[in-house]
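You will see two complexes here that share chain A, one where it goes with chain B and one where it goes with chain C.
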Partner chain A sequence: MAAAATCGTGAGNKGCTAAAAAAAGKNNVTSFQRKGPRASVPDSGCARLVSIAGTRPSVRNGQLLVSTGLPALDQLLGGGLAVGTVLLIEEDKYNIYSSLLFKYFLAEGVINGHTLLVASAKEDPADILQELPAPLLDDNCKKDFDEDVCNHKTPESNIKMKIAWRYQLLPKMEPGPVSSSRFGHYYDLSKRMPQELIEASIWHGFFFPEKLSPTLNIEPCSLTHGYIKLLQFIQNVIYEEGFDGSNPQKKQKNILRIGIQNLGSPLWGDDICCTENCDNSHSLTKFLYVLRGLLRTSLSACIITMPTHLIQNKAIIARVTNLSDTVVGLESFIGSERETNPLYKDYHGLIHIRQIPRLNNLIYDVSDVKDLAFKLKRKLFTIERLHLPPDLSDTVSRSSKQIPAASSRLLGPDCGVMAGGRKHLDF
Partner chain B sequence: MESVWGVGGLVLLRDSVEWEGRSLLKAFVKKSALCGEQVHILGCEVSEDEFREGFDSSINSRLVYHDLFRDPFNWSQAGGALPGGPLGALRALCKRTEPGPVTIALDSLSWLLLHLPCTTLCQALCALSQQHSPLGGSPPVEPVRVLGLLHMELHGPGPMGALSSLAQTEVTLSGTAGQALAHILCQRPRQHPTHQTQCFSILPDFSLDLQEGPPLESQPHPDPHIPPVEPTTHLTFNLHLSKKEREAKDSLTLPFQFSSEKQQALLRPGPSQATSNIFYEPDVYDDLDQEDPDDDLDV
Partner chain C sequence: MRALARAPAAAGSGRPPDWLRRRLEVALRVRASPARARVACSSSTSVVPAAAPAPASGRQCPQPGMFPELNNLLNTTPDRAEQGKLTLLCDAKTDGSFLVHHFLSFYLKANCKVCFVALIQSFSHYNIVGQKLGVSLTAARECGQLVFLEGLKSSVDVFFRAQAEPHPLQFLRSASLQPCSEVHTWEADAGNLQPLYEFVREALKPADDGQAAWRCPVLLVDDLSVLLSLGMGAVAVLDFIHYCRAAVCWEQKGNIVALVHDSGDAEDEENDILLNGLSHQSHLILRAEGLATGFCRDVHGQLKILWRTPSQPAAQRDRSLTYQYKIQDKSVSFFAKGMSPAIL
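Our next item is the complex of A and B:
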């Protein structure tokens, strides 16, 4: 897990304490010294802490994090996506919002100067990169953000709370754009990323139909042909560009952002979406296992979108969830009966944080907010807490109705008639 | 139906036993032939004569028919059969290089699904509908329209879901009381899918007759007897205040607010003791004796 960074931290600490002890001996001051900023650490003897652009250590356990491109999602995941882990996005039904998250991730890589690796079986990676959203610049973004917020604000929310005034001091769900934020940028979906930024970035594309030669004799193997090719490609890039520390070059360390689109769909040659009893049901799980091994030994982070609503065998979804680190599910309201429900009218869908990894930790970093909804505004993708008012209709179904019936059947015959009857006791 | 025509890509025509879709497929084929596009037909389920029946000679001359029905596995080894079987035929269609808009009709996708593995078919369809020029030269701008006839009852949810995710447009045929209906789900990339319903009928010469919009019965409401839940009704408190009420509410001093008047009242000494009187009215049973009340105890 980001071995280089942790080694650097260890060496830096030792070096700092050695230098501090030396300074204390000279000037006769206490040996307790504040750990100053890295720039003031003397060069003699201690290794410099390498700070990679676009990353920051987690405030909880020091894990190196990268931004997912959406600051609201970063906050839900505990600060960001850890380097060396996989973020799995379960696609919504028409793949509209999951492709947005995919693009945010890649755009964040372009802005921070990370190397990109884009793999897709449906679209050409060059086309995907052309459609990345443009970053919101600092002076414009606050204006746009406020204008978006004011459009939806009602006059009642402007009143300061008089009785429950302590609740105003609580931090809001989504902080506004910080003008000097280096970690996590905001993007404008109505504009495209400028061409010069895309050309200045280093990216590798893997478009599966190009690699698939029709006359190839596919030998039977446990992994689907497409997955093998993709793993080899990723391994080559990691090795050649030195993300796993194998090429001892002096150049600046960088992060590799890998994006794989529509993994598991039939276009990759995997038939888990087509049948329930497939021949290669372990192909996808083996791919994820090997991929995670590649990621853990290199400075990279990966986003995968997967059409889990098409996978026929539900056991595979459970295995895939276990094999990924962070799993986020998107459920859009399009076409479902929730679209016309007045309770959900402000939102476009629900977002479920299904799993958060436990990296070098004993506890999970889960936020206490469980029901979240997302909304695609004209320029921004926002995630908010879903406040459902209580359901006041008489016909609200109670799932506990089944339980008294089952227990009354278990009672012996000498119990009263009332207990054996079908009438439920509703307390 | 114009939405079907506007965007290229894969168009799925899902039919069933009650409402067959081959006549609609032939109507679409006729329409593109009349527009001057090139039309290729991969015929698998019916013979060529049966497919061409009903078209007049001008249209028939424009159709390029690839026949897989007569000899799908090339057993007769005559020259007429397509090499490579169904997959070879599809790949050959991908490789054509003539310029201009093209419509490819697959009759039917169900036959191809039963004879080819689903993943191979999906990959071939994707390559067919995208038409990436392998020469890497000019980007292809002419739309390629692939019409696929799919019989809904023959396949499980897996292949149907996989093909739906690939399709740009899905036309599901149904009907009520002799009137054919088409439910069109148009899914452009990165846009919201649009849904519409259209009544239509096919005339004997396979031209499409679109009738007046949605049928008489509207889409079934999920709960026709229960109105949608409006959470702000039947509340015991008032959510909407009039202006006077709002002013009165704002000017009210709350008991725990530490305003300056309260501070002055607390700091002011003087006759405030007069306000802290205790008023006592003795009861009938109360003993107002000032002596020691414990005297009656036998201590």
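Our next item is the complex of A and C:
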């Protein structure tokens, strides 16, 4: 834990100087400020870097970042998740991989010593915490990775490409750990997080069925009961533990990681997944707005998984996307026809980065790669560029011709984050 | 080089319009002598786009801040900003917030009193971007030029604590349980935007001593679609804008700039009603769209500018222009369709 903290500060200082150097010479007022809480910090006026374990400043705008628990996803989001923002995960159909991302986020918080707040209407938060994956630590991770990487890399690294030599110049996505930084960690899904680490961490659980008050009036309100309770709970924790800077005696600043599972599902008392014209259709969007207000004024980051594939009203999905900061969609191949499609045999699903926020900036880091697929190995969740394998059939039959056309149609609309276009254009 | 300039003209019919020819010549001239152009525009923002603004009418180098190219396209400068106009900013499938930053810095530079209803981001976000564009929001707020309503921060106050006097965002508590009390009571009003309108009117009313400290009042709203997400109906938001127009545009000869998202194929009927209603009322519509062909690293989108005269008969044609743009760190460069410097 101490090693992580010192490494964090080491990386932080590098980032600080880089950003400060970039800021110098522009105006007489330096534009580099620590961006922990977005509102006025109690000790405002000091632009020094606060070293909180498990965070680092973004090199682009000095924004304080935390890791999502998945270094591959951190890379795609421009270094990490900004403190004070919401990461919305659109769940895949059977909620397999999105719950994995949820657990990675919480496990990262346990490792870094952050405070956790877990809210769920389906599982008891204590059970969720018991099932967190174990981290891969330095000594055995190198050994384990070597075997993975060897299998992955030996055919490629030894042979220089002779014919398609241009492909060697393509940037590779990092499959293994970057040994220098301890910002993101890797987790082994076959093992559980050691009990002592969980007990050493501070966590607050919100299990909705327990918090239901016995007297339930029929209320003509615009926010469902569950959301109001959850907002109150979050606000209580933030206020009591001083994440919004209200408690000046607190010496060591820490990050609050909030995880909300299956938001919008009928288990929370919300019916947007059930009907198209629901009575309180503004409930979820209002909740998101007030939640974002809470996050912006405190040192916290939030992950929300939402079953958007169940929401009938597309307008609500668009509004929810506009009200969240980072939106990542998961689409797994399980149960769909793509599972048996030879094109996708290496991957378990597609990942769509639908929105990345432009914080304190006009532009943001966007990767050129828009077609991303993920695959889950025992110790590694990799996100890679989706490659269509070459068509090696002897005869160009009609059936094999149709498969690339279908896959290109699904690649077409996924136009990406910055500018989406119309659906599929025929050339 | 001449042949290159004439080639697109040969494809069309007749000569290219003057503005296109001028821009082409400037682009080719700047590309030939980048060093000279950079020295000439040293006072402007550091990135020199290939299609530099043509100082054709003898204007000096554009001031730092805002987007000087957008000022040229809109044919305005902070010195002679128009009055009594409603400008609608709209984005479809892309992020149009750079337009909000432009107008904010533009009107602050123009010495106008600005009331900014920022519902979607925090104050420090606008402040940091504003510093890149050359205005300091903290200084403007302290000297009274800027009245800033921070939606996110105020929503927390309004939602969790009962307010004594009416708060502009009071509609967040409307028809909802009072969360902090044991007894479940609910407020009887349906929630409207009248407190918000009162806030705006109070913020922009002229100073009592009669001296005009600032030029004209400006209301800037970012953005109106969030009000729909918070439970307001499209008609309520249209009424709010109507009231603000009467107070700000007509009574005090000020301007209003509002951003609305276009949901496109998401079939958000309320949003479409709001967008269509505002499009008919506005004098200037700036519409940022994504490219039809998808993502491109060098061209971030397309901007359609439409000048309208709502009160004039339809015989007068509305003027419309389309440009493509690329957003850089501190500015936005505009170029004609297909004239991106990366492609030329």
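Throughout what follows, the second predicted complex is superposed on the first by the 315 of 427 C-alpha atoms of A that agree within 3 Å, B and C clash if a C-alpha of one lies under 4 Å from a C-alpha of the other, contacts with A are read in each partner's own complex, and residues count from 1 in each chain.
Throughout what follows, contacts are C-beta pairs under 8 Å (C-beta built on N, C-alpha and C of every residue); 3 or more make two chains touch, one makes a residue touch a chain.
Predicted model only: the values in this text are computed from it and were never measured.
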{"item": "Which of chain B and chain C A:Q232 touches, first, second, both or neither", "value": "second"}
{"item": "First (chain B), second (chain C), both or neither touched by A:D271", "value": "first"}
{"item": "Partner chain(s) touched by A:R292 [first = chain B, second = chain C, both, neither]", "value": "second"}
{"item": "Partner touching more residues of chain A, whether chain B or chain C", "value": "C"}
{"item": "First, second, both or neither for A:R319, with chain B first and chain C second", "value": "second"}
{"item": "Touched partner set for A:H282, first chain B, second chain C, both or neither", "value": "second"}
{"item": "Which of chain B and chain C A:L362 touches, first, second, both or neither", "value": "second"}
{"item": "Partner chain(s) touched by A:I163 [first = chain B, second = chain C, both, neither]", "value": "first"}
{"item": "Which superposed partner A:I334 touches (first chain B, second chain C, both, neither)", "value": "first"}
{"item": "Intersection of the chain A residues that touch chain B with those that touch chain C", "value": "none"}
{"item": "Touch list for chain A against partner chain C, complex", "value": "26-27, 29, 31, 33, 35, 38-39, 61, 217, 219-223, 225, 228, 231-232, 235, 282, 285-286, 289-290, 292-294, 296-297, 314-315, 317-319, 322-323, 358-363, 368, 370, 412, 415-422, 425"}
{"item": "Contact footprint of chain B on chain A as seen in their complex", "value": "94-96, 99, 121-122, 124, 131, 162-163, 209, 212, 214, 265-271, 273-276, 307, 309-310, 312, 334-335, 337, 340-343, 389-393, 395"}
{"item": "Residue ranges of chain C in contact with chain A within the complex", "value": "93-95, 97-98, 101, 122-125, 128-129, 131-132, 134, 136, 150-156, 159-160, 172, 174-177, 179-180, 184, 186, 225-226, 228-231, 261, 263, 265-271, 289-297, 300-301, 327-330, 332"}
{"item": "Of chain B, residues touching chain A in the complex", "value": "91, 117-119, 122-123, 126-127, 132, 156-159, 161-162, 165-166, 187, 190-193, 195, 222, 226, 228-234, 254, 257"}
